[in-house]
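In what follows, a single structure is set out as structure tokens and then discussed.
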Amino acid sequence: MVESVFMAELTWPEFAAKVAEGVTVFLPLGTTEQHGPHMAMNVDVVLPTAVCERVARNVGGIVAPTIPYGYKSQPRSGGGEAFPGTTSLDANTFSLVVRDVIRSLGTDGVRRLVVVNGHFENCWPAVEGVDLGLRELRRDGIRDMQVMRLEYWDFVGRDTLDRLFPEGFPGTELEHASLLETSLMLLLRPDLVDMDKVPSDGPAQFPTYDRHPVPEGFVPASGVLARAQGSSAEKGRLLMDDHVERITRAVRAEFGV
Amino acid sequence: MVESVFMAELTWPEFAAKVAEGVTVFLPLGTTEQHGPHMAMNVDVVLPTAVCERVARNVGGIVAPTIPYGYKSQPRSGGGEAFPGTTSLDANTFSLVVRDVIRSLGTDGVRRLVVVNGHFENCWPAVEGVDLGLRELRRDGIRDMQVMRLEYWDFVGRDTLDRLFPEGFPGTELEHASLLETSLMLLLRPDLVDMDKVPSDGPAQFPTYDRHPVPEGFVPASGVLARAQGSSAEKGRLLMDDHVERITRAVRAEFGV
Amino acid sequence: MVESVFMAELTWPEFAAKVAEGVTVFLPLGTTEQHGPHMAMNVDVVLPTAVCERVARNVGGIVAPTIPYGYKSQPRSGGGEAFPGTTSLDANTFSLVVRDVIRSLGTDGVRRLVVVNGHFENCWPAVEGVDLGLRELRRDGIRDMQVMRLEYWDFVGRDTLDRLFPEGFPGTELEHASLLETSLMLLLRPDLVDMDKVPSDGPAQFPTYDRHPVPEGFVPASGVLARAQGSSAEKGRLLMDDHVERITRAVRAEFGV
Amino acid sequence: MVESVFMAELTWPEFAAKVAEGVTVFLPLGTTEQHGPHMAMNVDVVLPTAVCERVARNVGGIVAPTIPYGYKSQPRSGGGEAFPGTTSLDANTFSLVVRDVIRSLGTDGVRRLVVVNGHFENCWPAVEGVDLGLRELRRDGIRDMQVMRLEYWDFVGRDTLDRLFPEGFPGTELEHASLLETSLMLLLRPDLVDMDKVPSDGPAQFPTYDRHPVPEGFVPASGVLARAQGSSAEKGRLLMDDHVERITRAVRAEFGV
Amino acid sequence: MVESVFMAELTWPEFAAKVAEGVTVFLPLGTTEQHGPHMAMNVDVVLPTAVCERVARNVGGIVAPTIPYGYKSQPRSGGGEAFPGTTSLDANTFSLVVRDVIRSLGTDGVRRLVVVNGHFENCWPAVEGVDLGLRELRRDGIRDMQVMRLEYWDFVGRDTLDRLFPEGFPGTELEHASLLETSLMLLLRPDLVDMDKVPSDGPAQFPTYDRHPVPEGFVPASGVLARAQGSSAEKGRLLMDDHVERITRAVRAEFGV
Amino acid sequence: MVESVFMAELTWPEFAAKVAEGVTVFLPLGTTEQHGPHMAMNVDVVLPTAVCERVARNVGGIVAPTIPYGYKSQPRSGGGEAFPGTTSLDANTFSLVVRDVIRSLGTDGVRRLVVVNGHFENCWPAVEGVDLGLRELRRDGIRDMQVMRLEYWDFVGRDTLDRLFPEGFPGTELEHASLLETSLMLLLRPDLVDMDKVPSDGPAQFPTYDRHPVPEGFVPASGVLARAQGSSAEKGRLLMDDHVERITRAVRAEFGV
């Protein structure tokens, strides 16, 4: 059989052997969400999975199946639920999924877990899911599971951003379906990007508040919040290398692997 | 961009266009579960996804992302939660995931959904999830969503079973990591099967009741409930063709597509 | 006072004394559901209660109150929720009831419990309820409660079925309000059966999938899924004797009582 | 078949016919709880069921199955959960049961429901269950279901109490397993009462507050909160007649039946 | 900084120091609810907070922030949800709030807690919240937290009531926005009472049952259930003194403080 | 009676009259959380309440009671749950509170609501609570409630920040118990600040990830994440004026008030 970094491609005895050795497990959190007219809706699944795959290789870890449905998209960070195709869970549902997966892994003996989020809105329900999962394990007598939880995009150097945005980094908050994600997708899945369809109705001009229900025109019609022009696989490579190296370093520092 | 049958590989305008045409959406339900020492743990993800992919092509449908964590494995049907690597959700969690995905798709305008289960234990929490999802849509004023829900293995002919089991079909209940699943995996992902590791400790001899907690020796140590010897890609092809043809026919009959 | 096998007919000191002796408690799971035009709606309460009563006498056990509202009836196994009088709980509600009753009994010191299901659809939410109940007890420091969980109709011999169905057993799946249940009711509560009203619109011809919402004509109008003609108290006696003897034997084997 | 006032003893067409005529349904709420060393634990099931049966006969109504597991017993009103045999549900579980039963009955067309509580602690979770049930029905478009909710013991005249307690009525709050309940059980199920075992450790002297966890000696060791001496079937008859007459009158006044 | 009896006015080191000394914490439960045309809607917040403040001073305790949204008002005890301004939580929500606050305080080391309810309808969901909170703490290994739970109005002497109601006390059940609450508010917040607006449409004449939905005219239009005429700050002083003295005595007796 | 901007200080007819006029309601979200050794734990209650009070005066609105227990503090934004006194709710609990309050207000006729968050961690569970509340109202037929949701600290001008931080603004993420909050408290509640106790162990040096459980030394021992030196009431005035003016402007723009 294939030697695989993906947990789901192992047999159970192979998995059991790795757990016995203290393997670090990576859990990617994605969603199915609009990413503009120029990209497929699996961006938030593809990217954290790819990051996890590379970091796991670096540290001898394995990658659990990516959660493909995440927390509800918000207008100011992902365009919102009104876009067709954005398919999401309630916060409590998402937290329970994370809780149950952590409880299940912990019961199997996993003691080092890195939760790698690839969809901004997942962040807080994931925090809650981790807390609930560890609470349950604790009550089952398992008190030594260690969890790191991170957004992969936070692992990037100032110099990388300067190279990618010579005119200044607009900030991650509008980075939905924009230059960073588009470049990473051009690197990983160019078949799922069509640069001819990159829209020019951004960047979004959001107020500093939410509105419910979301008014007409609150979000750019394309769903692209900043600008995707100028994206390239080369830029994606720069970014990916930075993400992987920095997350690898952090995991090694924390878990001693 | 690629022409894809997978919803997550579409852009949102492509998805919106298909929904406007009344597309049939397939939702595969899988899990991450031990499947013996000779197969990877993604069997229940790979198989329903492959079935959905083929049927969707036949009827012009699309396939939503497969749910990769399912309901808790039971000793008599999947070996149970004690096997390392089996990673599962509570029933309520799983039902809420199905509910939320259905609500989300229905709100986007999907009106024909086929829920294709690939993990036995998912069956009942999926029934509940469908009921809860339609209840929510109904209360939001959407009353015309149509759902079919099925286990793919129920779509097989007597003649196919007779060819696969010349000495008699042992019944689906013990068909976990056994001849049918192994043959299908040999067809689809031979890299994830190692026939040299097929165990011979089955078939399981279960009583007609559950025991909680599960006693020692209740389940074959290998996790294979029946027998996987004699599995082949050719048999997998026979089965897959039967599944796809019969499900295609049923979907066409019900949805007129 | 009466010497009773029913827990609810004991005083609390009598119950406490039995628990101190390690009594086996039986918990029947029923529902209130249509059973054709010829039988009352309490079939799934009467039958498992009667089975439990007899087995409990055999092994010196006691019978907890039967849960009278079960999980939602499904078209292919019980006719579905559209029949007036079928009165059901959501899956989560039913699981929580089972969980709480098990927690309560376990906290009182009960260590041997047999959950006897009399309504097909209860099966899976009961599995979940047992798991949740034992999880709670475990977290309260109670780790030695033993549970058997069963459907009473699975305890029947080939020979009995051959005598009841000389032309071949149609399978339990359509056995709703049909020969087996009707015969048992004729044995136990003939006052609640009117053989003159046995319908002849069955057996049901179900496809291998569910449909939601349930289409017109999916289920026989009578609610009887197979055939009830030929039912008799004598056949009921044969069946009941087989159920009781086989369950008694299993409980003795497992619990050493 | 028997002509029955119990819904569960009707066939579904009989039930449907009654619903079509606007039948009033009675839902008794009970529990399984210690009632002293002299009475069985089904007092809170037997009494509201008997009241409902009699009132239903008076007004042409029917009685749904009694809920046999209620909300957790409290020390000051029922002795508390520490008594063996007291078997209870969490408040949310109990409310969900009531919610689901009401939703199910309302969906079937029932429009007049009388919820008759026989266990003090059920009162508030029942209030919530009724509210949640009507909320769900309202969202399903059913806005005309009418519910009365009552504790049967509140339907008693001053004169009756004066006859039962010539030295003054001690108040309902301590009436657990005491004169009123014991007399009613002597009327209805004398086989489940043993007057020789009536204890004399009451009446309880409770402070005006709860203590959690419950301290030693907070509750009389017998579980009887007031006094049961002097109970008689004759007194039970007086009480029962008063309850039935007054509840009948109230139902007639409210529902015009 | 101010020396304060209110926990929220302490710094965390001050709080930690008090906890280390075994401080008794008081948790007032209020709500936001109509209290007639003559009083503000914060009566059930002001009163239990004031009681706690005074008792805490007496015993060297501190007062946690008052919960300002309580369980749904009922017609027979608070006028019901139909009154504008009455702003309430579902029972489960309220119980979870109480559970979480208790878990949080217990985790911080608090071992003596007095839950002081100021809104009748909170009583039972508070009981449940206390039970759930202690259950969670127990499962986290904290078994020695002691809780008292009380309604402040139950701490009043016969002689006080005789002085306040020379013509006889009508009972607490109708004491909503009536003489007792009005007098206490005149004592504490006379700026929030307008005696000129005291209505005269009471006292309410309630039947001994609930009605859902609430019929027209079931509740006095003013929301005042008994009579508020004759309220005075002086009477409020009498009452408050009695409440504070009696609760202080009870807390001292139970907790030895 | 007092003319008040606080909803809880109105009578119900006064509230009803304001609702009839289309009043804008402000709902402040706070928590009880450590804010360093120099400030009380009610900072996140005092500040959003004060902001709401001032904006409400500007636009003729009213302020609903502040929610005093919020979502769990996180190490990187509030120091985390390990600090004594930080008293928090699970995410689901907090979302349900927000949901229920919104449902209750909406049912009463409120159509313009501004949710003003004063505790960073509340942000996402509040988003969910708003979504759930509007979902419930929608299902009850109320579709025209408008909600704005905001963090008050996002309403500040570049020039104000430049004046407050002449050496550069460190970013809001570390602004816990630091210069901004301390200055605002010096303005509003100087009695609850002790500048002599301002610690100097900050600013915190956090990695770009969470760790669960939180390791020793992850958070500054004082709980102050940045620096509070240099705080003053004058700076608080500058900030408060900016917050109030900008939020007032936004509310006017959105709601036309």
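Observations
For clarity, chains are labelled A, B, C, D, E and F in written order, and residue numbers in each chain start from 1.
Here, a residue touches a chain if its C-beta (ideal position, glycine included) is under 8 Å from a C-beta of that chain, and two chains touch if they have at least 3 such contacts.
Since we're looking at a predicted model, the values are computed, not measured.
The chains touching subunit C as well as subunit F are A, B, D, E. Averaging C-alpha coordinates per chain and comparing to subunit E, the farthest chain turns out to be B. Rotation angle, subunit B onto subunit C, C-alpha superposition: 180 degrees, expressed as a multiple of 5. By residue number, over half of the contacts seen at A-B repeat in one listed pair from D-E, B-C or E-F, namely E-F. Annotation: 26 Å between the Cα-based centres of subunit C and subunit D. Centre-to-centre spacing of subunit B and subunit D amounts to 47 Å, using the average Cα coordinate of each chain.
For subunit A, the set of residues that touch two or more other chains comprises 90, 92, 139.
Pairs of chains in mutual contact: A-B, A-C, A-E, A-F, B-C, B-D, B-F, C-D, C-E, D-E, D-F, E-F.
Interface residues of subunit E, counted against subunit D in their complex, comprise 72, 74, 90-92, 95, 121, 123-125, 127-128, 130-132, 134, 146-151, 154-155, 207-213, 250, 254. The touching residues of subunit D, counted against subunit C in their complex, run 1-2, 4, 6-13, 15-16, 19, 32, 34-42, 45, 64-69, 81, 83-90, 92-93, 96-97, 99-101, 104-105, 107-109, 191-194, 197, 223.
The touching residues of subunit F, counted against subunit B in their complex, run 138-139.
Against subunit E, the residues of subunit C that register as touching in their complex are 139-140.
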